[in-house]
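Multiple structures are listed underneath, in structure tokens.
Presented sequentially are two complexes of chain A, the first with chain B as partner and the second with chain C.
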Partner chain A sequence: MKLTVLKSTIAGVALAAAASAAWADKANDTLRVAFTKELENVDSYFNSSREGVVLQRAVWDGLIYRDPVTNEYKGNLATEWEWIDDTTIEFKLREGVTFHDGSDFTADDVVFTVNYVADEANGVKTQRNVNWMKSAEKIDDYTVRIMLKDKFPAAIEFLSGPVSMYPSDYYAEAGPEGMGLKPVGTGPYKVVSVVPGQHFVLEKNEAYHDSPKGQPTVTNVDIRTIPDVNTQMAELFSGTLDLIWQVPADQAEKLAETGQFTVSNESTMRVGYLGMDASGRSGDTPFKDIRVRKAVNHAINRGELVEALLKGQSQVISTPCFPSQFGCDVDAAVSYDYDPEKAKELLAEAGYPDGFTTDFYAYRDREYAEAISSYLNAVGIDTNFKMLQYSALRELNMKGETPISFQTWGSYSVNDASAMVSQFFKHGSLDDARDDETLEYLNIADSATDPEVRKENYSKAIKRITEQAFWAPMFSYNTNYVTTKEVEYTPTADEVLRFTTVTWN
Partner chain B sequence: MASVTPHDRLLDEITGPTPGQMLRKRIFGHQGLLIGLVVLILLTLVAIFAPLLAPHDPYAQSLMNRMVPPVFMGGTWEHPLGTDHLGRDYLSRLIYGARVSLLIGAVAALISGVIGTAMGVAAGYFGGKVDAVVTFLINVRLAMPVVLVALAVVAILGGSLEVVIVVLGLLLWDRFAVVMRASTMQVRRREYVAAAQVIGASTPRILLSEIMPNIANNLIVVVTLEMAHAILLEAALSFLGLGVQPPTPSWGLMVSEGKNMMLFEPWLVLIPGAVLFVLVLAINLMGDGLRDVTAPENRS
Partner chain C sequence: MLQFILKRLGLAVLVAFTVSFISFSLLFLSGDPAAALAGETASGEDIEAIRRLYGFDRPMLVQYGDWLMSALRGDFGESYYFKLPVASLIGDRLGVTMLLGVCGISFALLTAVPLGVVAAIRPNSIIDRIALFLSVAGQAMPSFWFGLILIVVFAIQLGWLPPSGAATWKHFIMPTIVLGYYAMPAIMRLTRAGMLDVLSSDYIRTARAKGANETRVLFRHALRNAIIPVVSLAAVQMGFMLGGSIVVESIFALHGAGYLAWESIARNDLPTVQALILIFSMFYIVFTFLADVLNAWLDPRMRSS
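Here is the complex of A and B:
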């Protein structure tokens, strides 16, 4: 009964979509894309989702651009930059750049944007992206200085990522709500219409400046939110979508087998790990015992998870960061091989010869979470499986009420270990380890300007974290992009879908 | 009965078949009832003897053997119904899932049956203020959408077998109360009840030995209906991720887990869906049949 309902829903949705969107295809130069999650606000400072990053890179520009292939920093809205001292960077801005509303891009826009987002009172959603900046100062119309609160070597990386420049007059008037409904930026795509959370229509910015992002080829991009993967695939089959992404491995495999689509797979920076309450914030939990945490590490067959469930470009991860990130020293990490017998021994040593029962939390990838809890069950750790929404789990996590949870972190595609290790091990509200030694290393690593000193201290921190088994890092994610044969797209390793590099075959 | 004398035959002709014989004849003449009964008994036996019948451990995961197709779709007899998305044997999970479904159906129907019958009989027998209060409670209960309330409560308390059973048990008593109240009102006016009252029988005695036996046939029908209802609700809650939690096998959960691969591996959804359908059909057939064979108008 349930099946017929679902099937008819899919058929119905597909038909409805076919009727309404039949005009759009390659002939009309319109790329039709599906988003899985609802985007809360297009304003990139007021959302924390991957879909938001995709739109941010299309609609706005940063001062600097990092080439996703070579990882080389190139000037985008700034043409050159220079460290005046440890906490001041001076930028020469590109001249002749205009916003989508026709206003000129000048130093005033940079000053306004930086001062606005750096002010905690304005409530930028992910403070870590902006709270290292103190303020900005105009030198002349095309020269600007950004002052840092403290030494922050990853500044260039953040400026090339989440920090994008907004038009000062427009933003002062419209604010985040107005910007979310009618976004205005300098980017390669203009926003034509926004139905919040549901439908976004973009159009090529004909006057796009000579940016390292390259000039856009496809004229129109039509993005709809379709939460169900089956519906997305049905629409792909019926020809009302051209590109879907974040397709689960099993479905991508089957779609590739049909031969009608191009399936490409790229690794992402997202790392999946088990967070354990080593400091006992959730009460007297067994995870306070290092032997229990090591047992958890030994209980999980990471290789099998990667090979059978994640597939693609995913890899086994033993570090609390993604290996490509600066400072993420794989050799410093202690890795734990799959050894259920040893896990049982360690549990017995810790005083749990018959195992114990714990709440097990997860928020995404139910399938992986089930597989992981099943490994734990196999060594005697019984799990009360609890699947929550991300926001709910994050809140519980901040209150320190999760003894063990399956978490993931994508580092906002920032290619620096500080975006992950320092996010979770500096005694913040999400830190369940609360280890002073780790904090000490990270404090040095985060603020040192000498790359060698940074590397050395991140290595020490990683060694300490893995020796103590505060986490059980498991695997990195990958993303599958499925397109019709008409679309040509080469994904990059940072999980950002770039419309500028999409072309028609 | 080896030798039937002419005298016996004569006696049969005069007295006709006994009520027991007539009931038996009606039962065995009612195909729907028989089919429902047989299927239900089979499934109950399967549930009870699950550990003996299941070919594999329903919790044993084998990621290297994921989504092996069932034997009729090119699989092997190692896994007759294939394996699920974590490589667990589908047949074994189906067999253990029968336990969850039947347990929830039976216990939820029992809880709600006790509550609803007590309220309905009290209202029908005593009338007056008791009746007014019970009718009010029934109306309140009928005004609440079962699925939404169940969803909300389970979301707050967290899903588990016990929570689902209790929530459904406390929600599904309305039909018991309505039917029992009406039946009791009819029976209460009968002469034998008046007679029992006249000879001074206590109220509990009248309720238990005069009223209850005469409304039991209606009760049985409602029990079967509500059992089917509870089983479907459990499947719906589990499908939504709010019912029985993994790794416990539940048919609703299996449908939900197979949903993502529905376009390519439809059997993942079809198999548990079909079993659920058969179980609920069997229970409803049995309820229908019981009503037919016990209803007074069919006794002649």
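Here is the complex of A and C:
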């Protein structure tokens, strides 16, 4: 083993010294993109990164496709689908589709993929994306049925998002590790090379089927992981990158001012909120009192936060979900305007005329959390601010030891309210409200097959949650895409960078 | 001499164990590894299952013992994050870090020692002033800032060098300068102080009095003695560079072991962090040990201490 380390070390040195720089540009039809985070595994079932979603949409296809602009569901690897009963969907598959390794896409691939990912023992990283499926069954070569564990109306949404189809023979042999190093799919881009976490090279799939994703135009995509955003900007300036994304607002503003680049901003589904311990899991906390929770809601100037810090397409959010999500009824939510005087009155009524002191936790966006903290201080809630690693906060949260915390949730880009409201208000370990009435509405909404019944009950749940001020919803996030003037790209609101829609100017 | 080496070796091994144990235990304070592994959507039961599966429910001492036994066999386990063997993951990245470290320390020595010598020969001259300025600036300037300044000047404005990456030797020029510059001031000040001290000593006066030429006095008699503390400092700096090039690796997007360590801590990737800590502390210990041996060889008086 020691020898292996030594050998690969020497190989690493040699590689670093010998590999020639493959600099290209529009002339070479190569789009050079930067990732910020090291992606753990290209196999989309075994990562939980935004970068992973981007590659997933490029390399693989789902049975269904949701148009990111119109939100309309269209057939992709399936041409049509039908609910046989509440827990069975039948799909007619598209014929003549081939994987990048040349094998044909048939019902066997769907059966294998579904049965593999649905089996918890195989350890798919984001269980929520797949654990609603029980199994799949082949009817004939191009007809397949997917069986659900229970009623799950959001199935179509999940099948058009995180659930991609893998080649059965190849995946059975390669497994997640092999798939991560040499991915094979049906998607618009083939993977040419992978250096885990560091470098990904894609090439246009010339034989891409007639998919609603559209045909790719850019021939090569070269993605490097550059952790420092300043370095990414330097690469952009020196002409060695064509596209960067997730650029912080202040940097994006400066880049726009130079006039050399195209800066576009789009909202994302991520919502920031304050979670409060309404059920008193952390002991006898002031947040058990609804007046205190309402005071928190009134204390924070969310409009100012959006304008001064988040900027761009961010909006003030009053719902415990993202407004575009199915069932996220904005009108049902009680919105609390910024009124520090009222907040002080409510605190006084609740028996805290001089305020109180509480621990306040956050795990990301320190500057937002600090701004929120100072708004709370202004009405008399003294915060003992603690910034933790995500996993550490998560642990405290599950044990019910966080009286108030600044948290965010991105719903994995699933455009259904169940991906957020139901995640946090169904008495799970992260639920600090533990409200029976909310649970009742959500149980109906999550399992009803009639869309109207679902909508009605999500609305009731949202009304209940906001009336009780279990949370203080804050704002939605946004992301900036910066490209050279040679690149034409219109971002979508789901924070998925789609190479198929990139063209050269 | 042999006895001296054995004594130092024993000490080095003890230090290695102590460091690895302390780091191992500290890691458990940085959050629940099971929760980190389970990811955002996991329920309490999922986390419990993972805790049992990975053996986090066992006493820490048992976990440490287990890990150490495998590590001695060369098996560092599988990275929680990449799901790849830690040994190959580190092997892939150690090359960049080692190359950078060697270049960095060479750059530092090749610039700092001559500057220190010249500064000592002409104390308070203009060269001494420049050297002083350089060393103060080197200590005061954070390396991320210095790195970005270099990128702005040489990659963007002049376009001579690529801003980041590790594809060619050109990619290593700026990182080498940034990393080396950080170690330069200490080496230079120590060379200067050592030279000044030695040059005013009796035996140098004697050497000059008997008419030895100045070059011979400086390099044969003075530098050989003045360089001894520099050797140990350079060894420590080298250890620091191999483990501490995190900032430089991050700015220049060099995916080396330092950056891997930093990211692995944030990701609670315990097997990777533990292996890296062991490897980094081994570097440190080996270089310190080599410095001791080298010093003892250069200066026989040290062997008895």
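Points worth noting:
Convention: the second predicted complex is superposed on the first by the 483 of 505 C-alpha atoms of A that agree within 3 Å, B and C clash if a C-alpha of one lies under 4 Å from a C-alpha of the other, contacts with A are read in each partner's own complex, and residues count from 1 in each chain.
Operating definition for what follows: a contact is a pair of C-beta atoms (placed from the backbone, for glycine too) under 8 Å apart; a residue touches a chain by one contact, two chains touch by 3 or more.
The structure presented is a predicted model; accordingly, all values stated were derived computationally and were not measured.
Applying the stated contact rule after C-alpha superposition, one finds that A:Pro196 touches chain C and leaves chain B untouched.
Of the two partner chains, neither chain B nor chain C is touched by A:Gly280.
By the touch criterion stated above, A:Pro340 is placed in contact with neither chain B nor chain C.
In the superposed model, A:Asn230 lies in contact with both chain B and chain C.
In the superposition on chain A, contact of A:Asn384 is made with chain B only, not with chain C.
Looking at the shared chain after the overlay, A:Thr240 reaches chain C, while chain B stays out of its contact range. Using the contact criterion defined above for the overlaid structures, shared-chain residue A:Glu304 touches chain B, although it does not reach chain C. Set side by side, chain B and chain C differ in how many residues of chain A they touch, and the one touching more is C.
On chain A, the patch touched by chain B and the patch touched by chain C overlap at residues 1-2, 6-7, 230, 234. By the touch rule above, chain A contacts chain B in their complex via residues 1-3, 6-7, 229-230, 233-234, 248, 250-251, 254, 301, 304-305, 307-309, 366-367, 370-371, 373-375, 377-378, 384-387. Partner chain A is touched in their complex by these residues of chain B: 59, 61, 63-64, 66-67, 85-87, 158, 160, 235, 239, 241, 245-247, 255, 257, 259-264, 266, 269-270, 273, 277.
Chain C contributes residues 30-33, 35-36, 39-44, 46-47, 73-75, 81-84, 87-96, 98-99, 144, 148, 151-152, 155-156, 159, 162-169, 171-172, 250-253, 255, 259, 263, 266, 268 to its touches with chain A in the complex.
Of all residues in chain A, those touching chain C in their complex are 1-2, 4-17, 19-22, 38, 40-41, 46, 48, 125-128, 176-177, 180, 195-198, 224-228, 230-231, 234-235, 237-238, 240, 388-392, 394-395, 398, 423, 428-429.
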